[in-house]
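Following are the structures in question.
Look at the two complexes coming up: subunit A is in both, with subunit B in one and subunit C in the other.
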Partner chain A sequence: MLYIDSISKGIVIDHITPGLGFRIFEYLKLDKSDFTVALIINAPSKKEGRKDVLKIENNIDLDLRVLGVIDPTVTVNIIRDEKIVEKIKISPPESVEDVMKCKNPRCVTSTEKGVIQKFSLLDKEELSYKCDYCDNIYNWEV
Partner chain B sequence: MRHLIDSMDLSLEELEELFVLTRDIIENENKYRDVCKNKLMGTLFYEPSTRTRFSFEAAMLKLGGQIIGFSEVGSSSVSKGESIPDTIRTVGCYADLIVMRHPKEGAPKYASFKSEVPIINAGDGGHQHPTQTLTDLLTIREIKGKIEDQTIGLCGDLKFGRTVHSLIKSISRYKGIKFVLISPPELKIPQYIRKEVLIKNNIPFVEVETIEESIDSLDILYMTRVQKERFFNEADYLRLKDTYILDKAKLESAKQDLAILHPLPRVNEISPEVDDDPRAAYFKQAKYGMYIRMALIIKMMEAI
Partner chain C sequence: MLYIDSISKGIVIDHITPGLGFRIFEYLKLDKSDFTVALIINAPSKKEGRKDVLKIENNIDLDLRVLGVIDPTVTVNIIRDEKIVEKIKISPPESVEDVMKCKNPRCVTSTEKGVIQKFSLLDKEELSYKCDYCDNIYNWEV
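So, the complex of A and B:
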């Protein structure tokens, strides 16, 4: 069994769908962080069987909206003095920038350099987003 | 500053103002011949065009204004790899208004983020063509006396047909509109039009595969060309290009007051024998295109 210490202050992103932990790690740019981060892959879970978990020490000012697009089933716990002081419910953001890429080869974003990829939420239940430029519809897959 | 990027950018009230102004321009053209004097319009056509470019240019010239621009990218710095924002910012230094056609979807919208002068989308790939919609709505209003309460058959390439997408979005706001969508399965309307416009707003529509099974119910038949330039695979284009050919025989069961529209250019989808039928309105439609663009330029330049 692998043990990772609990953190006294920071964020724990729990119940990440197995396989998506590394994606979230990348999107939050945690590889460039100067604080301690633990990415746990395929941890045993009573609820789901397996899960990924991210423990981020000290930093509680991350922009977590992107989680709503990548994996809205996660739970985010804010830790202070080794206790969970807040549970954040993640919901899909109304708009996202530079998270997804439009796959429409006819879209201006496919050829023009420097265009910020922008998407707007179309349907909360289906987690569908629409490219702000060409209107193509995508589901949460990033 | 206003741009015209999407056919929904103009409210129904603004559309009505444009139609009223257009009617006055048609009846009193001389009154408007100098309203854009000393104004310059940039026409940036990254993709070929006959009607749209000529009608915009004719409209500006008839209003006393002048034109700069290009009709193919080979004659501009775009061929050297210049970005859209750089081209737009440069032309914006000289022109008071920019009309832009581009093969990539969303290009005029992107340009509008970077522009200091109003941008008019003159067609972006298979996406939107809002000034063709102005033309289509005006034609329907002039011929039928109203835009409401029409059963509209849209036939041909509904997937890549940008005029179809813009028209469905805009005309769905009028009451009593029903659609008959006539296309092969491969060229059905895109999901965003089906879900966001038709289903979301409870607009009645049926999807069929032949003209014959629905032509008797139509008030307007809007024919479109299967566009070679939208296909990545030529074999698909060749297979689908002549799916629909409207001829005299097919029109036998149509209503006497049917209006046949087409954004043009046509290839084979309307037989030339239909041109003399009083129900053929597509050349009239091309003329209305110039007048409505005169009204649009006036409004966007705040020239009166």
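So, the complex of A and C:
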């Protein structure tokens, strides 16, 4: 069994759906970080069987809406002095701006410059979003 | 401080040059794995200051020559029953086949089909290799 112990300060993104830890890691560009980061994939979990976990030993800006679009099952723990000082539950945001990109070549966001990408939550279970301009439907893609 | 405890069986790639852990992770396609994997980047190290570490809780095929091309500073520990049963030191291989790809469009490996990519070690410190056919010089690139 592989154990990962506590960090003294920073952020732990826990209960990540297996397979999505790497995508969050990539989205946060953690491969370029100069602080300690641990990505654990398929960690044993009592509740879920398997989970991914991301431990970041630094206080970084974290867009919780984006996390909600990628994987709303996660919990975010804020750590100070080796203790959890805040536990944040994530949920998929009702609407997002400049997070996903519409791929419809005829959408006004493709044909016109400077139009802000806007999406609205369509299905909470499916985690699908529709483009506010052309109604094309998407899931999160890095 | 972030501690990562032992694994019961598998492979630990230790003393990875910071920044290269993610490249080895990518090269081994560990994001697609169905067993536990931990990638720690910028872990504190007594010897090196900082290092990357990769813990793989499974026995996977590991091409040690490729590891030697990416980062010959690593050590590979084979774990069984939570103990290191083998410690392998890596060195850059004198020659490699089908590991890197020559990018010279005029090289015979580019113009002819089915020619095996062959490279020879040029500089051990620089970790540079030259194509056996056209003498173009390369470092490892994923």
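The criterion applied here is as follows: the second predicted complex is superposed on the first by the 102 of 142 C-alpha atoms of A that agree within 3 Å, B and C clash if a C-alpha of one lies under 4 Å from a C-alpha of the other, contacts with A are read in each partner's own complex, and residues count from 1 in each chain.
Note that contacts are C-beta pairs under 8 Å (C-beta built on N, C-alpha and C of every residue); 3 or more make two chains touch, one makes a residue touch a chain.
In this text the structure is predicted, and so the values were computed from the model without any measurement.
In the superposition on chain A, A:51 makes contact with neither subunit B nor subunit C. Judged by the touch definition given at the top, the superposed model places A:113 against subunit B, while subunit C stays out of reach. Look at A:33: by the touch rule set out above, it reaches subunit C but stays clear of subunit B. When both complexes are overlaid on chain A, the residue A:135 reaches subunit B alone and has no touch with subunit C. When the shared chain is aligned, subunit B comes close enough to touch A:104, but subunit C does not. In the overlay built on the shared chain, the residue A:22 is in contact with subunit C alone; subunit B does not reach it.
Here subunit C touches subunit A in the complex through residues 1-8, 19, 22, 30-31, 33-44, 55, 57, going by the rule given at the top.
Across the interface of their complex, subunit A is touched by residues 83-85, 102-107, 109-110, 124-127, 190-192, 195-196, 230, 232 of subunit B.
Residue ranges on subunit A touching subunit B, taken from their complex, read 104-115, 122, 130-137.
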